[in-house]
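You will see two complexes here that share subunit A, one where it goes with subunit B and one where it goes with subunit C.
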Partner chain A sequence: MSSISPKLVKHIAKLANLPLSAGQINKFSSQLSNVLDFMGQLSKLKIDPKKASPHLDLTNVTREDKIDTSRILTQKQALSQARKTHQGYFLVKAIFS
Partner chain B sequence: MDVTELTLKSAQTGLEQNRFTSVELTQSYLERIKKYNPKYHAFVTVNPQALVEAKAADQLRAKGKKLPLLGIPLAPKDNFLYSKMRSTAASKLLDNYIPQYDSTVVSKLKAAGAVVIGKTNLDFWGHGSSGEHTDYGIPHNPYAFDRVTGGSSSGSGTAVAADLCLMGTGSDTGGSNRQPGSYCNVVGVKPTYGRVSRYGVIAMASSTDSMGPLTKTVEDAAKFLSVMAGHDLLDATTVKLPVPHYHLNLETERKFTLGLIAEYFEGLDKKYLKVIEAAVKKLEDRGHQVKRLSIPAVKYAYPMYCLTVFAEIASNLSRFDGIRYGYDRDAFGEETKRRIMIGTHSASSGYADKYYNQAMAGRKMLTYQFKQALETVDAFIGPVFPFPPFKIGERETDPLKMYLSDVLTVPANLTGNPAVSVPIEFVNGLPNGLQIICKHFDEQTMFQIAHQVEEDYQMYKLRPKLV
Partner chain C sequence: MKLQPTIGLEIHVELKTRSKMFCGCPAEHFAKPANSQTCPVCLGLPGALPVPNRLAIDWAIMIGLALDCQVNLKSTFDRKHYFYPDLAKGFQITQYDDPFSFKGQLKLESGKVIRITRVHLEEDTGKLLHKTIDGHKLTLVDFNRSGVPLVEIVTEPDISSGEEAKEFLKKLRDILRSLGVSDCDMEKGSMRLEPNISWSLSADKLADYKVEIKNLNSFRFAQAGIDYELKRQKALLDKGEMPVQETRGYQPATKATFSQRVKETAADYRYFPEPDIPPIVLTKAYVENLRKQLPQLPEIVVQELVKDFHLSLSTAQLLVKDPLKLAYFIQYNRQIDAQTLANLIVNKKIDLSHPPQLKTTTETVDPKIIDQVLKENKDVVVKYKAGKTSVMGFLVGQVMRQTRGQVDPKLASQELLKRLQGPALKS
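This part shows the complex of A and B:
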């Protein structure tokens, strides 16, 4: 049993920066236990590293460290979808009180 | 004949011969959208500038301009960014989001002369296989109003089947183009990972997201893909292989070896088995050979998918903080929250070895086994869904049951292979597709086989009776 207790649900929600209601915490506790117990069957699969290959033979793609001006958003464009801005910046909650 | 029933080829002929204009064609679709969209919820947003775009296409044509999709009204799924319209990914979190740039796919479609008629509905962020997880009204199946459409490209499936647009785009992360293809009696394509750029499509799982077409016919899909595909500097996983004109090479004398993977048929409903076997028989009658195979890792494909893809979901959606765009994270729907939670747990300290790392190792084994098997056959043939389109609301209460709808489509996403759902005989009076999976970047063979299946069944001739 991988039982996901309400306490663990709260911990995961904190890691995921996800606000959950009390109802959701209880609901997720049982649903996540159910799902993860099922997924746990994967531990039965014996892994043979000699018989494994990546899904595509890709190599790293690099480019010159140069600014491509055609891709740059203007400050106005970058801010256009923010709900709160201040003097040309994104406005965020204060970290220090 | 109603122009909205035309295939791409016949619509293009009509436009070229001046039998109708793009404005007239677009207007016909807009009238149907106005009539049916309030009930069917195929579109999240209809483009108020669609007729302006159509007029511009007509003007280009009058000047003698030739473009592959000139004046063709089509609909990107609402997670493909198009800077002239809002892109919601069907989540209220992005209700007012107007992108500052276009996705590569939409840029290519616009450069090819297409008219964006609207943006189609989906399971928000791509999270679902039924179409029911959306903040913009659940799409209804054109062939059975009280049933689901398949997801997550639910709106594109509905819109194409109901003649609300000529073609739609979709993003297939775990089956999202093939599933609505199967349930809506249209063709749904998942190209090889790396064939089509992911740039500007709101990411679900970066290692499996594959953008592709939903269309009425295989030929339409083949032509549409040849426009969408290609190398893109803005997506480093796209490859530099040339893009064939798939649609010009659909006829072939080749005799294929077709693989039936035992694990795809285990526990399959008898009615489904019968219909799939009949389709295979028709292919045999054409002189193709059938070979029976086993790919043991397929049995574990769903857990591999869930534990890796959900971790990528958690990571990709961490950017939505309500600061630079959109609303706060409490605007995520419950299914999205569930997936973020599972994914976060799967990759978190103390659990990653059991879940995420084991799933990644398993994925590599599955890929290896697919590769080995595809050295002995040209394609795998099998079902898309393990059961027919269910009633809206029927499975929603049990997330695990819902997730397992994806069991037959996720393997090709994990391995990166191209796959298509092509319509065959209905089961219980409801649409059903045949899945064809091919070697990496061998979309040509996939379309050739699909084209023959389509010739055998000609399901595109059916029209749903809309309510």
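This part shows the complex of A and C:
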């Protein structure tokens, strides 16, 4: 039985940049523990760990050092999904207060 | 046992490739209109596929080779996660487990070896500008820099003073410039320095804390920042206090460091293999071919200039620092006396975009100078008379030197010829 403590949930939430209420933290604490237990069943399978790879059989997929203007966005396009902009920049709340 | 200053360096260098690390946007971003050089890949839009720049990989490996590193024949890229507005994707593509190279070294003049931990390749982040607009403190983000190839060089904590750090950094910069892979222009941010500093028992027995300094944009500031930090920490330790592990900024005006409230915790970056980029697998032959392309290391070139052309050490070092100047010197040192040419180049008295054209303020050569040169070089004159006409270049060079390059070399040559073919010299 895994146990994801409320403290750990809080830490993960911080890393994931998620604001959670105290009630949510407790709820997720038991839910995440259950999820881990469920996935934990996989460890009962016999798997050759050497074969685990995120990449299938591909290697060396690279490109030449060439400028590809066909995919460059205009400033207007680049900013089109931004909540706030200012003189061509994306605008966010100050990092240092 | 006694505590000693223990300093490691992290150096970030932007490569001067044409295009970015994982997409075809231009890598040159200085003074370009904000957010005018982005695409779905470097903006981190969903579904975009990053494809590594082959030249950037070659250059990263060459940097490793120049620093005497071992090369990983199988390298992978990883994702490093953190939330910060300069990082559109929420993660940075970098290398964690298998960097391109590792375990190198760089020797200081004293013979002291600074070990290199690793040299890896990653993508630069966007640029942040902190401003107050209409009374609100805000941060502006420009992603033109996002995705520019960035090489990170990490040393072991083998450095023991600000001065040693400065020497190491200068040597490193000279090497990188001679490789032609980066401008290393600190004002433009293409070379960035982050020392981490503590008082420890030894490089292998580190203290329980370390302090990192950011925002150092010159070697002088790096040296001063390190020295300040060592003093500050020593004072605390002497009082029995443990310095706080933190990131500090450096203020040139006060030559002091100050605590920065940095929000990232002792980072849980959740590294994992970048699933979109298959591993880079190299053959030994491929790596050896890159090694062959390495230019001679600056130190060796300096030694050769001093030995072959009798340049002063400082002149040779100044030439080697700038690949353009060095190339010019190598191309034209047969036409003009090497020392004269080197001085003209170093003192910026010559236009590097044209072959050397010396000011010919004098239409004639003072016969006394010709006399003097011939007298001082009797052995050379003997060689000339014995049929070794190639020594003429040397004699012309001597005349050029005596006249500080104020005469036309052709004229000097004519005058010398007249004398050499004329009556024998009176001794």
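Details
Here is the rule we use: the second predicted complex is superposed on the first by the 87 of 97 C-alpha atoms of A that agree within 3 Å, B and C clash if a C-alpha of one lies under 4 Å from a C-alpha of the other, contacts with A are read in each partner's own complex, and residues count from 1 in each chain.
Keep this in mind: a contact is a pair of C-beta atoms (placed from the backbone, for glycine too) under 8 Å apart; a residue touches a chain by one contact, two chains touch by 3 or more.
For clarity, every value in this text was computed on a predicted model and none was experimentally measured.
Shared-chain residue A:Leu15: touches subunit B and subunit C both.
Of the two partner chains placed around the shared chain by superposition, subunit C is the only one that A:Ala94 touches, whereas subunit B remains out of contact. Judged by the touch definition given at the top, the superposed model places A:Gln24 against subunit B, while subunit C stays out of reach. By the touch criterion defined above, A:Pro54 lies against subunit B and subunit C together after alignment on the C-alpha atoms of chain A.
Contact comparison for subunit A: of subunit B and subunit C, B touches the greater number of residues. In the superposition on chain A, A:His86 makes contact with subunit C only, not with subunit B. Touch criterion met: A:Leu73 reaches subunit B and subunit C at once.
Shared-chain residue A:Leu45: touches subunit B; no touch with subunit C. Subunit A uses residues 15, 17, 54-56, 58, 61, 63, 71, 73, 78, 90-92 to touch subunit B in one structure and subunit C in the other.
Subunit B makes touch with subunit A in their complex at residues 96-98, 100-101, 193-194, 207, 233-234, 236-237, 297, 300, 303-304, 306-307, 314, 318, 321-330, 332, 334, 337-338, 340-342, 344-346, 348, 354-355, 358-359, 361-365, 367-369, 371, 399-400, 403, 414-416, 440. Residue ranges of subunit C in contact with subunit A, taken from their complex: 17-19, 23-26, 33-41, 43, 51-57, 81-85, 128-130, 133, 136-143, 260-261, 263, 265, 268, 270, 273, 275, 277-281. Within the complex formed with subunit C, the subunit A residues making contact are 11, 14-15, 17, 54-56, 58-75, 78-79, 86-97. Across the interface of their complex, subunit B is touched by residues 4, 8-9, 12-13, 15-20, 24, 28, 31-32, 34-36, 38-45, 47-49, 51-56, 58, 61, 63, 71, 73, 77-78, 80-84, 90-92 of subunit A.
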